[in-house]
Amino acid sequence: MGAGHASRLFRPGDTLVHRLPPQCKLVAVAGFALVVVATPREWFWAFGLYAVLLAVVAALARVPAGFVLRRMVVEVPFVAFALAVPFIGSGERTTFMGLSLSVAGLWAAWNILAKATLGVAASVLLAATTEPRLMLLGAQRLRLPPLLVQIAMFMLRYLDVILDEMRRMRVARESRGFTARDVRHIPVIARSAGALFIRSYERGERVHLAMLSRGYTGTMPVIQDVSAASRQWLAAGMLPGAALAVLLGSWGFT
Amino acid sequence: MHVPDGFFNAAVSLSAGVVAAAGVTVCLRGARRELDDRTAPMAGLVAAFIFAVQMLNFPVAAGTSGHLLGGALAAILVGPYTAVLCVAVVLLVQAFFFADGGLTALGVNITLMGVVAVLVAWGVFRLITRSVRGRGAVVAASFVAALLSVPATALVFTLLFWIGGTAPIEIGTVAAAMGGVHLLIGVGEGLITAVTVSTVLAVRPDLVYGAREIVAPLVLRGTDGDVTVVPGAPGAPVPAATSRRRNWFLPAGVAATALLAGAVSFYASSSPDGLERVAEDKGFIGQAADHPLGEQPLADYGDVGGIPVGVAGLVGAGATLVAGGGLFLAVRRRGGDSGPADDRREEASV
Amino acid sequence: MSSPSSSPSSPPGTAPRRGSVPPSLEVSRLAYAYPDGTQALFGVDLRVERGERVALLGPNGAGKTTLVMHLNGILAAGHGTVSVAGLPVGKATLAEVRRRVGLVFQDPDDQLFMPTVRDDVAFGPVNAGVTGQELERRVRGALERVGMLETIDRPPHHLSFGQRRRVAVATVLAMEPEILVLDEPSSNLDPASRRELAEILRGLDVTVFMVTHDLPYALELCERSLILSGGVIAADGPTREILSDAGLLAAHRLELPYGFAPP
């Protein structure tokens, strides 16, 4: 869910995948996700082939399987939900190992599990091979509103600082013997949140002052140029392209 | 509540994507009006703050904990436009940099946790604070706004799920489960939001966007005794007492509506209304076509889904209130605020 | 005790020139209050000539940082005037004032907000319209002067605190300012970093205005000091004289560190 993301996914490296311009990778992964989601759930083999495609990318990028699997743990809440669906689903039921399961529910669970898992794996590979700053530049190239990109840039820059401050406040609380156990403790946590907001906001103000002091007048200067050659687009396009081929092929086959 | 890929069908994902994109575009302009050239660093820092507080787990019952959504808190502290932007950026960063939340589900996630949560929270907050003034009112309004925003988000999620969810679960079951749990989480969110806002109000009242009308102006004394009142200081002078007379209308109206819809409806007559009666007498009632939404749980005031009429009444009245109020506020906002950006800028020259 | 700012002994090669050259900094009757109503400055007068190195001393909470933020127009004075090298600070002159006044904040994290060191150092000149070769020259030159050229492509949060301090100075040097204003430059630095920074500052050819409560550092680097206390300038004179006046220091909550005696 929203918790436990402080560890960044980026793994420095110098592979073919790392070297691709960020905007190509963004489009490639988004395209791949679209193809996956558009695939009818009955075509098991298609999902298997998608997984193989991702494994190939992971190998090219020298990202170990354990790394990907560990980071897919974020999926857990929805895995739990997906597993529960066959039990609480409606419609025609069947029995398996003594348990009464909904047929439609089983299909739905498979659908969610397969697509969510492939989606997360693709996102992990994207984040692992793309430096955060380059990812933002890529987003800017793809015409994402510049203000949005700048906000994201500041957010990423100061995320560690703020998480650090939060951790320090927690350590200070616990050093004085406090652990949150029930609803009565909520106000204590909330007061820390209030203090954290003030610190974050004031830092934001100081950053703005520092920007003003160096002549900022409202538009951020564009410092680096990331342009992509067509062959790089082609290289990146191979992932969604192959997935699309699988999809169309399966469609033609059935 | 981060939805992964594959949870919703293409139609819902796409439409939610359009809604999210539209919402973000509107808020980009609105935030620039509120913050001007401070938008990027301020919104960025607040977004980092929201990301951080979303990691705050608070206990809701023995052994279980919920975590903060943050939309209501953000709206009250930095204003609705900036709040939607911040939540949207948090969700985008989580999806692309941390692989949390499906890429194809971004539209749904931003719509739910950004647009819906902030809209409901800010709407409720403004409704209350327009009628009752003062710091206590701001804190109380924060509690109610945050409290309601959570189950509201859950309800819209349920609605989207009913329209295009990929799992075959009885909508009533989903609604009950989502609503119940999220009401509890809402209490926690409400408490945290209220206390956080109250903390900030105590230390730096000028930082609370929702309280900008109750902060007093600034007076400077020189060494030679001369007094200067700084123009455009944060906040406007406290409004005159005459506005009090109108104040009780809105909450009284809301209370009356709730009473009628929620309680009195149980005693409503079950006899057919005028049109139905005439149709029966004259024999043309059979020509009535089925309503396209006639199978839904809320249809026929809850009869179809077995939902008590009082709940159906409250849901309907609530939805109308929020939709109408939100629309009114969105339209009205244009002329009213010159924005605290102008006020603050007098203080810190650009 | 407020004496007219006479120039005491100054380091060779940087003798302040008067008359023909406007003072780098001139503040007159400056008054200001915070948003919550507390008044911080009650009429500050001071003057810094080109080439001088002046320290602004005072206890915590005296309003030193507040004063400093008026120097480049970040805070608009409620009352009073500020001028930089003859140019009065006002809405119309902000861009040029901000080029002339190089303000180094106390917390380098507030100042290094770009993804890499290069981006941060380039931010100032780019806003002033510098591009291409000249931009590259300025960025590398500034980093070289603070000895941080090898970190040019690294993200700021990967650097140590002392390194970040130096990069923060570089971000301002790249704008080729008239006066370098430093807010607590030696705070949180280990002794080696402190010394390195002092060497860098001594080698720079700009006017220096340093806010500090690190009295030995003031003595080491600045020939003249001012004391800000109670919202006004309470003392102005050669650093050595001020630090030798125990009564004066005690009156304004200033203390020499344990074991330190002005040589």
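Just so it is clear, A, B and C label the chains in written order, and each chain counts residues from 1 on its own.
The rule we apply is simple: contacts are C-beta pairs under 8 Å (C-beta built on N, C-alpha and C of every residue); 3 or more make two chains touch, one makes a residue touch a chain.
As the structure is a prediction and not an experimental result, all values here were calculated from the model.
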The larger set of C-beta contacts, choosing between A-C and A-B, lies at A-B
From the C-alpha centres, identify the chain that is farthest from chain B.
C
Quick one: chain B and chain C, Cα centre-to-centre, how many Å?
46
In whole angstrom, how far does the Cα centroid of chain A sit from the Cα centroid of chain B?
26
Distance from chain C to chain A - Cα centre to Cα centre, in angstrom:
44
If you look at chain B, which of its residues touch at least two other chains?
41, 204, 348, 350
Two or more other chains touching the same residue: where does that happen in chain C?
74, 113
Scan chain A for residues touching two or more other chains and write them down.
132, 153-154, 157-158, 161, 203, 207, 209, 211-212, 216-217
Residues on chain B engaged by chain A in the complex (per definition of touch)
1-7, 10, 13, 24-25, 28, 31-32, 36-49, 51-60, 62, 67-68, 73, 77, 85-86, 88-90, 92-100, 102-104, 166-170, 173, 187-188, 191-200, 203-204, 207, 348, 350
So, in the complex, the side of chain C touching chain A is made of residues 69, 72, 74, 95, 98-99, 101, 103, 105, 107, 109-111, 113-116, 118-119, 122-124, 126-128, 155, 157, 171-172, 175
In the complex, the residues of chain A that touch chain B are 1-5, 8-9, 26, 29-30, 33-34, 36-38, 71-72, 74-75, 78, 82, 85, 88-91, 102, 104-105, 108-109, 111-116, 118-120, 122-124, 126-127, 132, 135, 145, 147-148, 150-159, 161-163, 166, 180-183, 185-187, 189-191, 193-198, 200-205, 207-209, 211-212, 216-218, 220
Touching residues on chain A, where the partner in the complex is chain C:
132-133, 136, 153-154, 157-158, 160-161, 203, 206-207, 209-217, 221, 223-224
